[in-house]
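Next up, some structures in structure tokens.
Each of the next two complexes has subunit A plus one other chain: subunit B in the first, subunit C in the second.
This part shows the complex of A and B:
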């Protein structure tokens, strides 16, 4: 006689969810079927708006007032959750199902010490006394490899780093040995190396405790490494579910295939070899950027200046026609450099462009600004929401008075065509466009003056992978057409190894390594920090 | 824009405020034609009357028809208040935006100067300006506009500071745009929503300030039928005909309440998230 099968830790079947919006009902989730067995990791991959976070909150039974469920069931170890009352759910959340959020900066209470927040969970769900809970919490912090758990217990969230905060959040989730833990992009808000460490911690705890995990992420490469099975969600439906190893090697659905093709892979170079060495287009000499004002009062009292150095004596040369990559973690000073070159940051030292030397932002004249354009990270904030697209694009045309007999409207249309947008976009406002379309408009604006150098400051990091791939394609085709040089700033090492000719690695304001991509692939990195970065990046399997 | 209007009319305050102000627009636009009598015509046989069949709202000490005076006075009272507010709002918005854009020492100096001005009570400051400029309707308007400027500048600056950090402003600087273009075309349009809300609420204050100035004899001059002046002139006859004070008082209250409600409604309609 076969043993009665143990129910899966989490089972969702036929689940659907709508959101009530002013413009009618929006179907967020449709016919969701998934199940996670004990000690299994299910990866859930989808782009923004695909419904992956909605699903996590549906499982937690924490839905917004405008959410309408259209049926289906959610079972936790065989127990139906959709019919539970608020009071019953309160006993289940934290105790039998837990969640780790994307941003540890906002998921911890800033007014309570870390230990208090962790001990409270234990007191509430395990019925421990104050003292027992405190001791238990300290042990939990030790388990997530925090070095000084006793001290950590008394610290407030703002006194520890982002990675440490996420460790505390993970310790809290694991504290009551729940049946299932939901991870909603737990490493996305962290730096590459920290993210890697958090991921290792996750794998270790997962193995030790055998909890069932739902790991939600937009990063297919990352998920395929840590999950047993991967489910791909697209527009509220799960389009494919496969063992992790097969998603990359043998995807069945078109959408998955398209997604995989968009994931940047360093071994697939997208550009021709670097142009022959010529006189540098841009030469940066000992450029230093300091933040903060030198205060008169401090100077009079003989106090040390409170300025922070964003860049320390950066020197580099960009050759005409090349794609020059700058990588580094947040706070490494890569955007600071970009903003200084665009005339947005005061700087010390100097740089020359086409042989003309500039030592102060005030010396950057119209000819320089015409030749050097910048595209920003967030397309939402780089386009004025009160201006139509034609106004946004016509402005640089008028300002630089680029030659051409065509009327302004025709030239705006031509610019839109260059970035593969239809002509009727001219009459639209930015909020009517998607993120990718907005970024195309921002690129069109940069190319309006026919620049020689375009600074791309993390221009794809706010976008989904498939959109990122399209934007990169667009940049490469524009470069082929106009011979533009790019200064491409990113934290994505896979992407930059795909498109750049040379890479500068920055760390805490210093340029630590400058290397040809081909040499990097052949001989490996020289600097320890570059090596650590490369090791931390998940590369696609298969 | 139409979406914001629909939201405005859906909220109770917005709908009621809009209705009151629409009703008010009738005498402002057509007051002189609707008035049954000439507002300055004396009726010596019918002085200080209460409401009756000939004079619906009664008459004043010269036998002038109160209804006609109210209807004709609506235009100067309301338009003056709106103009004074517009003046203060415009000045304040520009000062706030310039200050936020410039930042650093200039910002510090401008804001401390405004703080100093704001330390003087509004009515007192307006009185000071009118006394310096001389008593007239136009000077009262200018005085109220200047009184409103520091408060508006503060609000505009706080909004402009967040706009200043947006990348489209950085993009404009990187493009080499002039400072005037950046302040007027990139920043100002993105600060209007909170400024409009504040301005609407301030119209009510302007009506009352104007009435007060007229009441003190520093605003509109007789024989004008500006509502504040009507109240001021009625003071001596308050026991013989209280209607002389009641009607303009109610009219002023309706304007104040109407603009206040509209301001509340607009605040919700223009910031749907809060």
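This part shows the complex of A and C:
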């Protein structure tokens, strides 16, 4: 008699979920079917609001009070979870199924030592004594390649780096050798190189333990690299499921095709070669920015100043009409530079714009500010929530006295049209707009003064890839029309290689390398850090 | 928390007390009529007044008087009461001790009631229990203590029932049960407002913490509900509450004056009222200074406790 086939580690079939909202029922998940075998990695890709995180919490049976399940089954190694009581689930969670959250900065308890947070799982599920659990936890920390596990056990979350925190969270998930682990964007909150290391750790542990993994991400390129199969989720439905290698090469559904077209690919350039070198539009000479107060008390006591250098003697030149990229990890000083050039940070050294030299923020006059505009990362904090869009846009129009005899309302309307927003948006408030629409308003505000240079500080980082692609298209068409020069700051190396002419790589306040993108593609990077960055970025398969 | 932080905080509190002492002294200087007039009455002869003034040092310049007073205070000598002729120090500290007993009992009762109330309200957010707690809190916050005291008196001090005595004080060392009995009504009155205030704080902090990622992570680790609630949620929710409790000590000191008067409790508030009525300047100065110092020290203790409990706060 043949042995009965082993059930999949995780199987979801015909599952549906609604959320009760003040404006009626909202369908979060519909007809979800998926199955993960032992040792398998299923990638789940979707944009924000697609329902991917809801699915993770539904599998773990941790749903809010307003959740209404519409049927279906969730089986963990053949055992039905939907019928389990809270008490039964408590015994399963952490032991047979675990989860790694997106941001280890918020998923670890700030007032408990890291070791406690790991050891408590072992005490709870494996009946270990306090001392045994502590020893076992220390060994678990060693397995996730933390260098000083004993010391790490006693530290608090705020005392270690983001990567170290995520290693602790991963060690906790793996602690009881569960059948299945759900990873909810475990590298999104981390820097590029750290993210790469966490990804390698995931691959190693996954291989060693053979745990079935559901890897949730918005990053199709990343998922196609690490998963066996990729499921694409859109508006609560899984629209397509393919072996990882085929998602990019042979997508079947329209939505997947759109998504793939939005994923930035360094090999598909979106701009023509830069115009022939003319006199630079912007020339930065030995610009240094220091942060922190020089405290009187410290100076009296002869202590060294506590100031931190955000930028160290940066020099670069931006040509007219060029897209100049600045990349680097968080804390590398790229936004510091942007803010200094916008007159928002005090600086030492100087820069020239169209031949006029500025050595102090106070010298930046109206003519400069008209010519140089900045767009920030988060439109939510850069747009006044209490003003209508027309007020937000009218202000720079009045200030810079844009040419033409049209009325202010007409000019606001024209400005909205430039960023492809309908005229009736003028009477809306920022909170009534989506993230992409808000960023369009912020771009419109920057273009109100017809600037020569626009500084884009991570303007697409908070957006989904499809929206990012639209915003990038918008910037390129505006450049076509007005001949605008961009200083484009981002940590997305794939995107910047698609649109920039030259890239400056920053690391801990220094500009370490300045390369022509075409040369980079042909000859590769020279500086070791640039190479490390490029190697850390997953590019699409195929 | 580093030693230098601790020392700096100590420096702040010394500075604060100095400023307070200046204010207290300055205000008593501004009061109409001086101590000599109060001692001898309105009809005293100018000669007698001058004699008494020079004996009390009132003819000296203000800064010198302040210096004498301050150096006396530092040496533990708060002067002599104009009303009783006895040293003010022992009188004030005796009263302060009784008031602190009252305050400590009120704080303990408040914590024992407010924290569970806040937690229950947070867990049953939007449901009946939450609404009831909110309602009670609003009423508690908005009713002044003399009204609360009256209600408490009517309900619990009915002479026919002989539940609790309506006024007076018996030292705990003398007769423990009688002493405790006398504390019940004033403590109850003071606690009502504190409970209302702190339970609202615990509720809102708890609601935030219950929605945090780390509480969800703790739940998804399969920890028992009680462990998640106490070890992960309540611990973090109580931290900001410490600061509120310290601020409430300020209220406590103000509220205690009214409550002590109503229940004829011989604490520092009552002492101060008597001193003011008798224009007993040294007693007023000492009372005000001691109350300000108590408030300052309570906040100091809260800062230190917070720094010790919340390791994230970096003090250099």
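Things to note:
The rule we apply is simple: the second predicted complex is superposed on the first by the 540 of 542 C-alpha atoms of A that agree within 3 Å, B and C clash if a C-alpha of one lies under 4 Å from a C-alpha of the other, contacts with A are read in each partner's own complex, and residues count from 1 in each chain.
Note that contacts are C-beta pairs under 8 Å (C-beta built on N, C-alpha and C of every residue); 3 or more make two chains touch, one makes a residue touch a chain.
None of the values given here were measured: they were computed from a predicted structure.
Once the two complexes are overlaid on the shared chain, A:315 sits clear of subunit B and of subunit C alike. In the superposed pair of complexes, A:378 makes contact with subunit B only, with no contact to subunit C. Shared-chain residue A:110: touches subunit C; no touch with subunit B.
In the superposition on chain A, contact of A:396 is made with subunit B only, not with subunit C. Of the two partner chains, neither subunit B nor subunit C is touched by A:330.
Contacts of A:129 after superposition on the shared chain: neither subunit B nor subunit C is touched.
Contacts of A:172 after superposition on the shared chain: subunit C is touched, whereas subunit B is not. With both structures placed on the common chain, the touch criterion links A:94 to subunit C but leaves subunit B unconnected. For subunit A in complex with subunit B, the touching residues are 293, 339, 342-344, 364-366, 369, 373-374, 376-378, 381-387, 395-396, 399, 442, 445.
Partner subunit C is touched in their complex by these residues of subunit A: 60, 62, 86, 89-95, 98-99, 101, 103, 106-112, 120-121, 124-125, 156, 158-159, 169, 172.
Chain contact summary for the complex, subunit B toward subunit A: residues 104, 166-168, 170-171, 173-177, 186, 189-190. Taken in their complex, subunit C has these residues touching subunit A: 212-214, 216-225, 227, 231-232, 235-236, 239, 309-312.
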